[in-house]
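Read from first to last, the chains carry the letters A, B, C, D and E; within each, the first residue is number 1.
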Amino acid sequence: MLEIDVEYQRDQFSLRAQQAISAPITGILGASGSGKSTLLALIAGLLKPGRGQLRLNGKTLCDIQQRIWVPPYRRHIGLVFQDGQLLPHLSVRSNLLYGFNNIAPGQRRFAFGKVVELLEVGALLERKPATLSGGEKQRVALGRAVLYSPELLLLDEPLSALDERLKQQILPFFLRIYAECKIPMVYVTHALSELEFLTTHRLVVRDGHLLPDA
Amino acid sequence: GDIHVYAAASLTDAIGELGSAYEKTHKGVGIKASYAGSSTLAKQIENGAPAQLFISADQDWANYLQERQLLDENSRVNLLLNELVLIVPAGRKVDIRFDKDADLIASFNGKLCTGDPSHVPVGKYARQALEYYGWWDSIQPRLVGTPDVRTALAFVERGECALGIVYKTDALLTDKVDVVASFPAQSHVPIVYPGGLVRGANADAEAFWQFLQSDKAAQVFQRYGFKRAQ
Amino acid sequence: MLSESEWQVLGLSAQVGCWATLVCLLPGVFFGWLLARKDFMAKPVLEAVLFMPMVLPPTVPGYLLLVVFGSQGVVGQFFKTHFDIEFAFNWKGAVLASAVIAFPLMVQTAKLSVQMIDRRLELAANTLGASPFKVWYSVTLPLMLPGILIGSILVFSRSLGEFGATITFVGNIAGETRTLPLAIYSATHQMGGDAIAIRLIVICVAFAFFSLLLSNLLTRRAERWLGVRRA
Amino acid sequence: MLSESEWQVLGLSAQVGCWATLVCLLPGVFFGWLLARKDFMAKPVLEAVLFMPMVLPPTVPGYLLLVVFGSQGVVGQFFKTHFDIEFAFNWKGAVLASAVIAFPLMVQTAKLSVQMIDRRLELAANTLGASPFKVWYSVTLPLMLPGILIGSILVFSRSLGEFGATITFVGNIAGETRTLPLAIYSATHQMGGDAIAIRLIVICVAFAFFSLLLSNLLTRRAERWLGVRRA
Amino acid sequence: MLEIDVEYQRDQFSLRAQQAISAPITGILGASGSGKSTLLALIAGLLKPGRGQLRLNGKTLCDIQQRIWVPPYRRHIGLVFQDGQLLPHLSVRSNLLYGFNNIAPGQRRFAFGKVVELLEVGALLERKPATLSGGEKQRVALGRAVLYSPELLLLDEPLSALDERLKQQILPFFLRIYAECKIPMVYVTHALSELEFLTTHRLVVRDGHLLPDA
């Protein structure tokens, strides 16, 4: 259960979001530049709202009025960045294990080998991110966030650079993530087909507001 | 015009005073003095520094320039005499006898400071004196060489060096050091300050050089503790 | 090929250079990062203060070291009584002098290298549960590596060439503080010392040359390791 | 507040520092880029040679300058007869000495800043019809800016503090080559000169301080302009 | 008419392409990491083939045997990079004009204002790339390549980060680019729907070979 009630302002751009999200997978739609990535950054704690509060499973992550601020690394929220943001000096393996190694073994809900196999990155493990193709980068970024076994997984167009076959292979995995590990997801995409497969609960960012999809 | 005077570091204050006095009586003449170890100055002149007058703290460096036709032989004069003294930081007591049987090393803790014995005149005199008493070899690891005599003096003034070997005139300038004793004259060659015009010097420089040899100048030098050489 | 005293001078120079680099490394990286990433009131002042040894003629920091770290200085006496370490007229003092003089070089190159790191990478690590400190040593620090290497080369080189502060603080003592620059200085000032000086200069150049070749090799390694060089 | 001769010394120091920075700028940026981006046989040698003035005690490059650029030197005579420019014992010589000593700092910071630029940006510009030279000045050079700025600060500061090469090459002549370090040196050598020396040191520190504040401001501007600092 | 006959090898990856391309828009499909971006880089001259030759409209761009090599900036081939590669120090406006200003005014086939309007980047012109959203970056990268009025336009998943509405607005523009300016395109994408709209001529990269789509 994610309770969002925040306002955020940056230059001319402003975003107002007031929603309680409890669906296993919540789809977020919205035009280019409407504020979807900004919303995920606010939830992950990479941006600080100007006003409001955020609560995840009853825990307050941020409350501007009460000056509560849980930094990103204590929120245990995974984020798949739109542009990957792989660590350039680490091998694919080390990138995948970066978050994995930051949590206690008991908290880990995915086996490294399983994720590698599903995302078909086994052949890339010793390579550096700079030598990967666009789709390969995206898969590593996805794997890295999943292996962190977060309490909430934020996905910013995670399949946009992948071919049809890989999409069909990974989409069911998202359903399994919830079914088996109870990790809810917020899923940003432009591909309606993905959302049709994953979820019926949809929100849309429009005119600076987060609204239920009409 | 300006007269560029290159003088041994130990002459800093005396020449400084004489220069200012001379400027007052000779309108339009500026005394631009450079003070450093005589070796440094000689090397600079050798390399074309615009010096017009050079006063060294030993004969060697004056000879050095004269051999290279840079110092005018005819104007060369032994200007001053000085003495070599052993100093300690003010108030510190050491028990040192100038005696070939005495052990200098054992009689103090810390370092001994003087000009770099390989080239700075005061260091060369000091080396002779130390060799005379047979102390040279054993003192080496505790000997701090400085680029000129005033740097050595400063180390002792601050108490960083337990002992120093400088000229009497330097030691007189400050009350932060005590003179233990003067080195006997036989322990080193006489300390003579020769000087002369550098190639290309003009009449102004020559006039100033004459002034430095005058009785009036000698009084000032004497006040600083120098003796007249002639 | 080299005489005993030449080996001594060379060894001492290498020793002082290495130690000075080591001493500058940690604080240099830290302050470089601080200046690049943090904003605080006193930052311009701090930056200017850290820069001072670069701007002043080396004899001035040398003199200040003498006053503070000398046997009569407060800090000098503190070190003497508590750790039995002396700096004045001592090779450790030569290290200190070189390190102080060269420190701004490490700070500035470290700062530059941090400035050029994409902050979003640090944020990405943050969302993977890495604490600020872990982000620092697992992301920022490795990405600073080219800067740290170049900074180290600069510091080492500056130490090899350091003269003013060294001679002011620790004087010229054979086998103890007589590094290459001091030996060259003495040689060039003595009569007929030119041959000795030229030998020493050649030694210095050769030594610097091989140090630099070595560090170039290291830099390339580091770059390949960082995945910076893309085919 | 300041005496006339103090103004003179300060002005000369500023003049020498600015000129030295200017002189280092272009070749420093060029060689930094060359070392970072090009691979050629002689590169390690070139790099080592460019580094030499840093490694040698400043008096050595100072002496070499005197031999080559002095009134008796080949290059010195060439400049004298063809351009009527003299360097020895002249403020232009002080600029030359400072520039030579500080040059490696510009090269290395420029090199570091190029190393940290993503080559693919240059390739992207290439596919938009930009010739290698246009890529260089429209992409590489602006992205090097933080490095060039830090390099300039380092060079300027090093010039302010340069002593050894200056006194060797151009001597200590009031109003012509007596920069702050030389003035401080002179002051500390006369008895009772401590007060003068301290005044000069304070002037030097204050001057450096304000130069640094200014350059910090510039650096921030440049960064904002480059879009490096993301809110 | 683009005649490709090249071989390229990099570590374990190898690509063999022998095709003559003359369709207005040629679609390239292929799994993630199959070599599509590599192929475009070879055509643009960012990579050098190990063997073979490349000819565009009869002009030899590259012939390894004869040691002919036209550098990228003389090929006049536009490339929309998969990851944008906007110049970070230039404003959006300057990025858009970067290639535009590199050609003679007579060669320019698109009006700046028209492209800005179509791509809806008018409000962003004075901003720096670091402050753009993913889709905004992609649109600027596209506009930049188009304004360069190249003889051949290579597009690497140019619409992957855009919403449905923008896609529907930009797709017809590609058809117009050919209809009005006769600029042929090579179009890499994973979205079959885009190719269906644009073209019937398709190639696929499979097992290191560029093949006609079966």
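Quick note on the criterion: a contact is a pair of C-beta atoms (placed from the backbone, for glycine too) under 8 Å apart; a residue touches a chain by one contact, two chains touch by 3 or more.
In this text, all values refer to a predicted model and were calculated from it rather than measured experimentally.
Under the contact definition stated at the top, the chains bordering both chain C and chain E are A, D.
The chain pair B-D and the chain pair A-C differ in C-beta contact count, and the higher one is A-C. Annotation: 44 Å between the Cα-based centres of chain D and chain E. The mean-CA centres of chain C and chain D are about 19 angstrom from one another, to the nearest whole unit.
Chain A and chain B have Cα centroids separated by 79 Å.
Multi-chain contact residues of chain E (touching two or more other chains) are listed as 131.
Contact of a single residue of chain D with at least two other chains is seen at positions 63, 120, 188, 228, 230-231. Pairs of chains in mutual contact: A-C, A-E, B-C, B-D, C-D, D-E. Interface residues of chain B, counted against chain C in their complex, comprise 37, 39-40, 43, 60, 64, 110-111, 113, 116, 118-120, 140-147, 151, 155, 158-161. Against chain C, in their complex, chain A makes its touches with residues 44-46, 71-73, 75-79, 81, 85-89, 98-99, 102-103, 128-131, 144-145, 148.
Interface of chain E with chain A (complex): residues 11, 29-33, 36-37, 82-83, 131-136, 138-139, 156-157, 160-167, 190, 192. Those residues of chain C lying in contact with chain A across their complex are 120-121, 123-132, 134-135, 138-139, 142-143, 145, 225-228, 230-231. In the complex of the two chains, the chain D residues touching chain B come out as 63, 66, 70-72, 88-89, 168, 171-174, 186, 188-191.
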